[in-house]
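Multiple structures are listed underneath, in structure tokens.
Each of the two complexes below includes chain A, the first together with chain B, the second together with chain C.
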Partner chain A sequence: MYPTHKAGDYLVIALNGEVDLYYSPRAREQILGALESGAHVLVDLSAVEYIDSSGVASLVEGYQLAREKGLRFALVGVSQAAMQVLQLARLDTVFPIYEDLDAALAAAAQGQGSADERAGP
Partner chain B sequence: MNGPGPEETIPEEVTPEDVIQVRELVAHYGERRILHGISFGIRRGEIMVIMGGSGSGKTTLLRHMLGLRRPTSGSIHILGRDITRIGRRELYRLRREMGVAFQGGALFGSMTVAENVQLPLREHTRLDENTIRIMTRMKLEVVNLSGFEHLMPAELSGGMTKRVALARAVIMDPKLLFFDEPSAGLDPVVSAELDELILKLRSAMNMTIVVVTHELESAFKIADRITVLHEGRLLITGTVDEVRRCENEHIQAMLHRRPRKEAIDADAYLRRLTGR
Partner chain C sequence: MTETKAAPAGTPALQAIKPADLPAPPEAAIQVMRACSRDDLSSAGLSRLVGSDPVLATEILRVVNTPYFGLGQEIKSVARAVTALGVKALRNLALCLAVRDAVSDDAIPGFDMVAFWEDALLRAVAARELGRRAGLDDEECFTAGLLQDFGLLVQFYLSPRQASQWPRLRAQPPDCRLMMEQECFGATHDQVLALLGRVWGLPEALAQALGAHHAPEGAESEDVLARILYAGDWLTAVFCVGDKGAALNRCREIFAESFAMPPEEVTRCLALVTEQVGAAAQALGLRVSRQLDLEQVLNEANLRLARANRDYQELTWLLEKTLKERDELAAELNQELALARELQQRLLPAPRGDYPLCGMNVPAKRLSGDFYDFFELDDGRICFSLGDVSGKGINAALLMAKTSSLFRCLGKETADPARLLGRLNEEISETSIRGMFVTMVAGVYDPVERRVSLVNAGHVPALLLRDEGQVETFPAQAPPLGVVPGMSYQPVEIHLGDDLLCLYSDGVTEGYIQAGKALGLSGLKRMLRGLREEPPARILRFIISYLVDSSPQLRDDLTMVFLKGDNGGG
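== the complex of A and B ==
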């Protein structure tokens, strides 16, 4: 299980290491599980060394579920390498992305970061 | 890691850091010698273009690099494994790291575009169906074929077929991508689009890419380095500028599209014609 903690009304899921074909099912299960339980989710990617398409697909599925449920979903700590993978699939402008936790919480306090604020994937 | 055996020395054309190391490769088809001791290395994250005319041995070299044929002698080390000596199971594992887009696309005619693209995921992973579907659509987005997933291969143009083959080749985010003749049979605009796509994949996914082609314009546009083969021998491995400056007559003929002068062995030719 990836570590989680509460920050504001978000549940922060801190992915780490390599989120690849082997580990992405674990990330997917945790993200979808949190959303199913009604939590607003922030996925912290700052400790991720590598994320592949299967990892990004888990984020896409999570964001779509958040939109359907009217929950907030955002990414923080996106490394340059992870950003390039998102850019390749033109997802960098789809996900709400914040530099760090404080920025995400500040945006939430101003009513931003809602899952339905951006065009869906 | 299986490094060089006690009897094997690393040729000077290869450095230990190279992710692909072709060492003194000799290959035959029957009695006919196709590759005459080829050595070169490919660096991590570079685009290496392998060039040469018909019969130069470039396709044979590619087949050996993919582990589809065993050489007469020499070795090919890919990501630290000697692909000419590993067993089937290890080769299968190594191929998870290698994506291949074949010249004709090699799509299964009875499967849709999406089914073709996701085939490696079904073979090599146990990912959830939703994940597979999203990954397939993401890769089709990358190759600008979004919305075409339900088409059959027979309904695709040549350029679309190549792009589907490319989407399938990168569906597992391989470390190495091999692309056989991306420009063959395509009009110049589609060919240029494919070149852009190759460059985009490299920069976004940091892949090491090996492209086999005889298209000069495409090679010069995408290559970090070029290896030129002629009649099974390596003429040069160098940057685009180094290849342009090389004074070798065969390279100059290739650069200036001069028809090759065949040296005719009179005795052999007469014997061929007369059968005596």
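== the complex of A and C ==
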């Protein structure tokens, strides 16, 4: 299990290490589980050393589920390794991304960070 | 457990038994036994009583001089025997002889009297041995052991027509036997024995232990003798019953629970009983029919225990069966996958000689999540693409089939790659499963103008290898298809000239080449530069073969498409 904690009305899920084909099902389960329970989710990627397409797919799935449920879903403290992967696929234009927790909470206070406000038509 | 102790009210068989019906022991023996329970009789008086019956006197003298009961000295007179034995031992001996002679050998037609006494002796010897260890009067234990199932003989004596049931009863372990007795006779042997004890005037303590020997844990004051009799019953069962393994196991349990003795003590006790039963039989003037072979009995018991492990064998068998079924299912699935793979490969365009485009796909598993395609439009331009579905396995393969079909279908009516990807994105966003998406590079090549219009949706950068060896990259301008609906795409216009455009999946750049090191974008660029003089199809084959050969198990599908600008020759 990846560590989680509450911050404001977010549930923060801190992924770490290699989020690959082996570990991403765990990440997916936790992210979707949190959203299913109605929590706004922040995924902390600061300790992620490697993320592959299956890891990215888990984030995309979380993003899509949040949009369906009208919940906020954002990434925070994205490590360089993770950011490169997101940028390569231009997914950095899809997810709300915040530098740190404070920035995410400040944005939430101003009503930002919902899953459908970044990329779009 | 008191209900087995007390005779069930209204058991007709038991109530119908009258003292006169009971087997009559030799009167002299009973008198001696009763006399020993009185404390007003001197040993001289007892001697006179014993001596008044020459048969009993001779028998007592014989027994006290046998090795089994021997007192360590030759005893020639009754008076000496009475003094040497003491009152208690004399009482027990008189009781043993009374029991032995109460039912004559031919009293029950068809009943194997020898077998009965053999079992009784085993119980007696076992009780004596266990009693000795527990610090009890071992002769009293012996007597109790000899007596404990005497009630059963009395039942057969009272209902001789049931004699044929004896072998069946004998083959049952003690607890089952008790239930069967209830069925056969309407009473159990301990109930009958209790009745007999009252008629004969058995000593109180002995009668109590005998009454409790099938429920020793329920006996008052933790009757040690009752526990000994119970254990002796099960030790005897090891020799008699059908399932010797279960009896042996039960003995081990009883030894552990009642006497805190380890399992090997059971074997030691069985060995002692085997050794001593002959001597005990000789001492009491009884016959044993057979030489007990403990080794054979233990072998049989252990074989039984092994058979009790049939559960385990059944499990093994079940496992083998399941594995076989699994193999059959796997074969079936393999066949299905082979068909699916064949179909997938047919979705890819056939290689064409002397054509600007060539491609190759090597799936990491049976099915691919990658695909590529190229086909000519009516106006002579060529539409091409390379896509990679997120995830692996059958779901990815199905989405791959869907996307490649959509691409070919929509591509023929939408000659603009940006609009084409826009439509694809709508279709996939609308209908695909959450979390699945497709990265794709698609373009339209104009062979006359030698220009390419290219769109990259979330895919790894397309590479343009210029003639001079420079490599230009065309990274994604938009996220993958299927993530966000309503996206619009902007094509990049490239003058291809006679340069090489290289599309590939991330399996190529992330594929391991050695010791967990990936080829990477820089590695791919280096290879392209080094091979740029070679024909495109050969470069493509070389790179793919290199990656396949470098890695025993591909981590991801490998897919490449090359578009070589026509320098006017074709």
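Rule of thumb we're sticking to: the second predicted complex is superposed on the first by the 119 of 121 C-alpha atoms of A that agree within 3 Å, B and C clash if a C-alpha of one lies under 4 Å from a C-alpha of the other, contacts with A are read in each partner's own complex, and residues count from 1 in each chain.
The rule is short, and it goes like this: a residue touches a chain if its C-beta (ideal position, glycine included) is under 8 Å from a C-beta of that chain, and two chains touch if they have at least 3 such contacts.
Please read all numbers here as calculations on a predicted model, not as lab measurements.
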item: Superposed partners chain B and chain C on chain A - clash or fit; value: clash
item: Touching partner for A:4 - first (chain B), second (chain C), both, neither; value: neither
item: First (chain B), second (chain C), both or neither touched by A:93; value: second
item: Chain B versus chain C as contact partner of A:21, first or second or both or neither; value: both
item: Contacts of A:84 with chain B and chain C, given as first, second, both or neither; value: first
item: Which superposed partner A:58 touches (first chain B, second chain C, both, neither); value: both
item: Touching partner for A:46 - first (chain B), second (chain C), both, neither; value: neither
item: Steric overlap of chain B with chain C in the superposed model, located at which of 206-214, 242-250 or 260-268; value: 206-214
item: Footprint overlap on chain A, comparing chain B with chain C; value: 21, 28, 52-54, 56-58, 60-61, 88-91
item: In the complex with chain B, residue positions of chain A that touch it; value: 20-21, 24-25, 28, 52-54, 56-58, 60-61, 81, 84-85, 87-91
item: For the chain C and chain A complex, residues of the former touching the latter; value: 388, 390-392, 434-437, 439, 457-461, 475-480, 483-484, 486-488, 506, 510
item: Chain A - residues contacting chain C, complex; value: 21, 28, 52-54, 56-58, 60-61, 63-65, 68, 88-91, 93-94, 119-121
item: Chain B - residues contacting chain A, complex; value: 124-128, 130-131, 134-135, 138-139, 141-142, 171-173, 200-201, 203-206
